[in-house]
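There are structures below to look over.
Next, two complexes with chain A in common: one pairs it with chain B, the other with chain C.
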Partner chain A sequence: MWEQIGAGLINALQPFNLFLAIAGLTGGILIGALPGLTATMGVALMVPLTFAMNPTSGLIMLGAIYSGAIYGGSNAAILINTPGTPSSVATTFDGWPMCRAGKADEALNASLLSSAFGGIVGTLFLLFLAAPLARLALKFGAPEFFWLCIFGLSTIAAMSAGNVFKGLVSGALGLLVSTIGLDPIEGVPRFTFGYYPLVQGIEVIPAMIGLFSFSQVINLVGSRQKYIADYKPNPGAFMRVVRKLWKDCKMILTRSSVIGAIVGILPGAGGEIASIIAYNESKRWDRNPSRYGTGIVEGVAASESANNATIGGSLIPMLCLGIPGSAVAAVMMGALLVHGITPGFKIFTASGNLAYTFIVSLLVVNVLMVLVGSLLIKGTARVLNVPTSYVGVAIVALSIIGSYAIRNSMVDVMIMIFFGLVGHFGSRIGLDTGAMALGIILGPIVEENLGKSIALAGADGSVFKVFFTHPISLILIVLTVLSVITPWLLSRRRGCSTKEAVDGVQS
Partner chain B sequence: MVKGNRKFVALLLVGIMAALVLLSAGCGQKQAGSSGEQNYPTKPVNMIIAFTAGGSSDVQARIMQKYWDKLVKQPWVFQYKTGAGGAIGFAEIAKSAPDGYTIGGVNVPHIVLQPLGQGAQYTIDDFEYICQVVNDPQVLAVRKDSKFKSVKEVLDFAKKNPEKLKVGIVGTFTGHHLMLLDLQDKTGIKVTQVVYKGAADQNAALLGGEIDVMIGNVNDVMRSLEQMRVLAVASEERSKFLPDVPTFKEEGLDIVSDIRRGFVAPKGTDPKVVQFLRDTFKKIAEDPEYLKDMEKAGQPAEYMSGEDFEKYVREQNEKSKELLTKFGLLKA
Partner chain C sequence: MSSRKADLIAGVASIVVALLFGFQGRELSLASKVFPLVLEVFLVMMGLVLVVRGLTGCKEQHSDQEKIDYGRAWLVVVASLVYVACINYAGFYVSTFVFLTLLSWWLSDRGRNLPSLGISGLFGLLVTAALYATFWLFLKVPTPQGLLF
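Presenting the complex of A and B:
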C-alpha cells in the first residue's frame, strides 16, 4: 500500500496534474465564493471537459474544484453574510460578526486553514479507513437517518438560545415548506395549488439563496451604510491565525473534521448538515458557549473544517460501493463510468494506480489550497472597500443566475425572491432564518426516512423495535436529548447572567 | 475609493465572465464534422436532458454526441431540465417549438406513468418518436450472503409470510413500482414495499440488510456485483452484462419490465426533419465503435426505430393503465 501511495504522490506531482489541481482550485474557490453557484454545479459543468483527459487527471481536476468550492463558500459567508454554498451556512454565525468587527482577515485565514485541515483529515480517512467506513455507511438505515435529522433539528434549540419559541416556529415553517411537492412515499402531489411546477418541490438551494443572500441585499440597501464593514488590510493575520488555531483549536478542528468525515460518508447528508452539527458540538463543549456567535475564530474553524472533511468522506462509499455520498460524488462517479472504471472495493486493486493517485492528489490539493487561497483572500477582502450599492447589484445578479442554474428553471428564481422577502420581513418579527433553513434542508430527509421506517416496522411487526433498538439510533437519541436540555441546564446553572449575555448577542 | 471601485468592477467582470465561460463549457460546443449537404440543421440543436449532468441519461447522450459530430456539422447544445423524476424535462420538450432545433431524451415507462399517475403536463401524444437507444431491464437482486438463492425461494417465503418480505423500489409511479405490482398481481404474494429516493440509497439499504430484496436496473447493480446476487432479470432474453442470470420467463413468470431511453422531438416537427433524425440516429446506433463505448459505460444498448418505439410506448400505456387501476392507484 505504501508503495502505491508513493507512486500516487509522484503521479499527482506531475506538472500537468499540478496545473489541473491549481486551475481546479482557483475555479472552484471562485464558484464557491460567488453566492448562488454551488460545488455541484461547478463539478457538473467541468465533467464534459474531463472526457477528453485521461481519467486520473480528470478526477484530480474534479477533486480540486470540489475542495475549492466548499472552501470558497466561506468567503462570501464571512464578507457579506451570504453563504456561497449551502455548506457554509454555519460559517456566517461567527464569520460575519468577525467581519463587522474589522477582523475579516482573521476570519478568512481561519476559514482557509481550517478548510485545508478538514480536507486533509477527510482524505486520510479515505486513504486508510475506506473499507471499514464504507461498511459503517451501510449500517445507517432509515431509522438512523431519521434520528440523525432529528438530532440536526434539535440544534435549533441550542442555536436560538435567546428565544427558543421563535426558533421552533421558524424551524416548523421550514419543515412545512419542505412538504410541498410529491409525497416521497405515495407519489401524490401536495400543496401545489394546481400549479404544476411546484410538483418538484421547493429546491433547497434557491430557498437558501433567498433566505440568506437576497434578504441580505434588502437589508444592505435599507441600512444606508456606505460600506458593508470597516476593513483595513491587516498584515500578519495569517501567522496570528496559525498560532491561535494551534493554541486553542486543536480539539475543535479534530472533532469537527471527524464529524465531517463521518457525516460525509452517509448518502444524502453532506457539508450543510456536518458544519451545523460540528458548530453546535463545539459550542456545547466550550467552557463558555455564549461567546459563540459573537465573532470568534473557534466558530469559523468548527464549521469550515467540518464541511471540507465531508469531501473525503463522501468519496468513500462512491469508490468502495458505487454509492455516492453526496451530489458532487455522484457527478464524479458518472465521470468515472464514462471512462469505463467501475467503482467497488476492488477499485483499490484493479485500478489501484488511479485510486491512490486521486486520493493522494486530494492531499496535495489541500496543501495547494492554502497557497492559492491566501493569494485570493487578498482580492476577495476588497469587496469590503466597495460601496454597498455595487455589492448589492452583484449579489442580486448572482442570486438570480445561481437559482436559475440549479435546474434551468424560472420557478426557482421566483422561489428565491419569495424566500428573500420572507427572510427580510421575517427577521423583523424574529424569524430565525437559520432554523428555517435547517427545516427546509432536513425536512425531506426526515419525512422520507420516517415513511420508510414505518413501512419497515409494518414488516417487522414492531414500531418500537425499528425506532428504539438499533445501537446507532440509541446514540443519536441520547445526543438529541442532550442537545435539547443543555441550553436549559446551562441557563439554570448560570442564572440570569447568561441570559442577558445571550440577549445582548442577539440584539 | 475610486480605485477600489474600478478594481472591484474588474473583479466582478472577471467573476461573471468565468461563470459564463463555465456555463457555456457545460454545453460542450464543438464545431467538428464535415459532411452534410442537407438544409437541416443550419444551427446547433438543443438537446434536452431531463436528468442531472453526469447521470445515466446524460452519459448515454454524450456518447451519442461523439458520433453525431462525425455525421452532422451542427453540434448539440445540452440543456438540463431536471426535476420531478424527469417530468419537468419531458414537458419542456413537449412544449418546445417543433422546428427541429429542440429534441430531447425520454424514458419509458416514465413518460407513460407520469401523465397517468401524477398529472404531468404532457401526454405521450405530444412527441414525434425518433428512436429507442437503451433497454435497461429491471432485475431482482439480493445481498450476496442472503438466504434467497432463487426467485422461487423468494416467492415461497413471501407466500408463507405475507407482508414480511421487505422489497425496495425507487420512487412511486416508476418502472420499479409497476414491476412490483405486476409481480404481486401475477403470483398473488403480498410484500412490504419500501420506497427509496434513488438507486444509491436503495443499494446501500440492500447491502446494509435493511431490505431483503430489491428491484434494480442492470446499469445500477453492475456497480455492486461484488456484494449482490442478481436472481433474475425481467427481459425477454438474458442480459449480456449478466449472462449467468436467468430471465423471469425461464423461472416460469411472465414478467418483462425495463427502463428504456429514447429520443423524441415535439409533435408537429417537419416529417422530413424527423426522417433525417431517425436516419442519423440509426446510423449512430449501428456503429460498432458506438456499441463498444456503450458497453464500456455499462449502458445496455438496444436500438428500435421511431415507429416501433411509438408503438411500444402506446402498448405500455394500455398495460400500465390496467395494472394501476387494478391496484386502485388511478384516479378515475
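Presenting the complex of A and C:
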C-alpha cells in the first residue's frame, strides 16, 4: 500500500497534473462563490473536458473542482451573507458577523485554512479507513437516516438559544415548505395552492438564495449603508488566523473534520448536514456557547472543516462499493465509467495506480488550495469596497441567474424573490432564516425516511422496534437529546457558578 | 418594533400558514399528509405560545434592528419584478444591462445626473459582459431566454 501511495504522490506531482489541479481549484472556487452554482454543476460541466485526458488526470481535475467549489461557497457566505453552496449555510452564522465587524480577512483565511484541514482529514479517512467506513455506511437504513436528520434539526435549539420558540417556528415553517410538490411516498401533488408549476416543489437553492441573498439586498439598500462593511486589507491576517487556529481550534477542527468525513460517507447526507452538525457540536462543547453567532473564528472553522471533510467521505462508498455518497461523487463515477473503469473494491487492485494517485492528489489539492485561495481572497475581499448601490443590484442579477440555472425555470426565480421577502420580513419579527433554511434542506430527507420507516414498521409489526432498537439509531437519539438539553444544562451550571462567585465576593 | 408586537405577528403568521396548509391538504390520504399534519399542529401550538407571549410579555425593544428606508427597499423589489418580467421579452443580457444601469444610477449617492448615469452605464456594461463571459461563453450555463434574444 505504501508503495502505491508513493507512486501516487509522484504521479500527482507531475507538472501537467499540478497545472490541472490549480486550474480546477481556481475554477471550482469561482463556481462555488457564485450563488446558485453548485459543486455538482461545476464538476458536471467539466466532465466532457476530461474525456480527452487520461483518466487519472481527469479525476485529479474533477477532485480539484469539487474541493474548490465546496470551499468557494464560503467566500459568498462571508462577504455577502449568501451561501455560495448549501454546504456553507452554517458559515454565514459567524462569517457574516465577522465581515460586518471589519474582520473579513480573518474570516476568509479561517475558512480557507479550515477547509484545507478538513479536506486533508477527509482524504486520510478515504486513504486508510475506506473499507470499515464503507461497511458502516451500509448499516444506515431509513430509521438511522431519519434520526440523523432529527439530530441535525436539533441544531435549531442551540442556534436560537435566545429565542427557542421562534427558532422552532422557523424550522417548522421550513420543513412545511419542503412538503410542497410531489409527495415522496405516493407521488401525489401537495400544497400547490392551485398553481400547477409548484408541483415541481420548492428547490433548496432558489429558496436559500432568496432567504439569504435577496433579503440581504433589501436590507443593504434599505439601510442606506454606503458599503457592506468597513474593509481595509489586513496584511497580517493569515498568520494571525494560523496562530488562532493552532492555539484555540485544534479540537474543533479535528472533531468537525471527523464529523464531516463520517457524514460524507452516508449516501444523500452531504456537506450541508455535516457543517450544521459540526457547528452545533462546537457550540455545544464551548465554554461560552453564546459567543457563537456573534462572529468568531471557531464558528467558521467548525462549519468549513466539516463541509470539506465530506469530500473524502463521499468518495468512500463510490470507490469501495460503487455507490456514490453525493451527487458530485455520482458525476465522478460517471466519468470513471466513461473511461471504462468500474468503481468497487477491485479498483484498488485492478486500477491501484489510478485509485491511489487520485486519493493522494486530493491531499496535494488541499495544500494547493491554501496557495490559490490566499491569492483569490485578496481580490474577492475587494467587493466590500464597492458601494452597496452597485453590489446590491449585481447581487440581484446573480441571484436571478443562480436561481434559474438549477432547473432552467422562471418559477424558481419568482420563488427566490418570494423567499427574499419572507427572509426580510421574517427577520424583522425575529424569525431565524438559518433555521428555516435548515428545515427546507432536511425536510425531504426527514419525510422520505420517516415514510420508509413507517412502512418498515408496518411490515415488521412494531414501530418501537424499527425506530428505537437499532444501535446506530439509539446513539443518534442519545446525541439528539444531549444536543437539545446541553445548552440548557450548561447555562444552568454557568448560572450557578456566577451565583457562587457573586456570593463569594459578597461574603 | 417591540418584541411583544413581533411575537404577536410571528404567532399569528405561523397559525395562518399552518391553517392554509391544513386546508389545502384536507383531501390528501393519511400517508401523504401525516408529516405535514404533524408540522401544522406543531406550528399552531408554537403560534399560540407566541401569541400569548405577545399579549402578556414585557414591552422590550429590538436593539439590533437597523432602520429600513422602505421607499428604497420596495423600489428594489418592484424593479426586480419588472426586470424578471422584461427578461421574458428582451432576454436576460439586455434586461440585465438596463436593470443594472438604471437601478444603480437611481440608488447611487452621486446624484441623478448625467456623469452618474455614465458611471452606472459602464458598471452595467462591465457586469453584463462578465456574466455573459462566465455563464454563456465559459460555463455554458443556460440563462433565461426572451422573445428577442
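Here, the second predicted complex is superposed on the first by the 485 of 507 C-alpha atoms of A that agree within 3 Å, B and C clash if a C-alpha of one lies under 4 Å from a C-alpha of the other, contacts with A are read in each partner's own complex, and residues count from 1 in each chain.
Throughout what follows, a contact is a pair of C-beta atoms (placed from the backbone, for glycine too) under 8 Å apart; a residue touches a chain by one contact, two chains touch by 3 or more.
Everything numeric in this text was worked out from a predicted model, so none of it was measured.
By the touch criterion stated above, A:A397 is placed in contact with chain B and with chain C alike.
Of the two partner chains placed by the overlay, only chain B lies in contact with A:G458; chain C stays clear of it. Of the two partner chains placed by superposition, only chain C is touched by A:I417; chain B is not.
Applying the stated contact rule after C-alpha superposition, one finds that A:L176 touches chain C and leaves chain B untouched.
In the superposed model, A:V217 makes contact with chain C only, not with chain B. Contacts of A:G102 after superposition: neither chain B nor chain C is touched. When both complexes are overlaid on chain A, the residue A:E186 reaches chain B and chain C alike. When both complexes are overlaid on chain A, the residue A:G352 reaches neither chain B nor chain C.
After overlaying the two complexes on the shared chain, residue contacts for A:P387 are found with chain B and with chain C alike. Touched by chain B in one complex and by chain C in the other are residues 30-31, 34, 37, 45, 183, 185-186, 188, 387, 390, 394, 397-398, 401, 405, 408, 451 of chain A. Within the complex, the chain A residues that touch chain B are 27, 30-31, 34, 37, 42, 44-49, 51, 137-142, 181-189, 196-197, 199-200, 203, 267-268, 317, 321-324, 327, 330-335, 337-338, 340, 342-346, 379, 382-383, 385-387, 390, 394, 397-398, 401, 405, 407-409, 448, 451-452, 455-456, 458-459. Note for the complex: chain C touches chain A at residues 1, 3, 6-7, 9-10, 13-14, 17-18, 20-21, 24-25, 28-29, 31-36, 39-40, 42-43, 46-47, 49-50, 53, 62, 65-70, 72-73, 75-77, 80-81, 83-84, 87-88, 92, 96, 99-100, 103-104, 107-109, 120, 123, 127, 131, 134-135, 139-144. Per the touch definition, chain B reaches chain A in the complex via residues 1, 4-5, 7-9, 11-12, 15-16, 18-19, 22-23, 25-26, 28, 52-56, 58-59, 62-63, 79-84, 87-88, 91, 117-121, 163-166, 171-173, 177, 192-197, 200-201, 203-205, 207-210, 222-227, 296-298.
Touching chain C in their complex are the following residues of chain A: 30-31, 34, 37, 41, 45, 165-166, 168-169, 172-173, 175-176, 179, 183, 185-186, 188, 190-193, 214, 217-219, 221-224, 226, 387-390, 392-394, 396-398, 400-401, 404-405, 408, 410, 413-414, 417, 420-421, 424, 428-431, 446-447, 450-451, 454.
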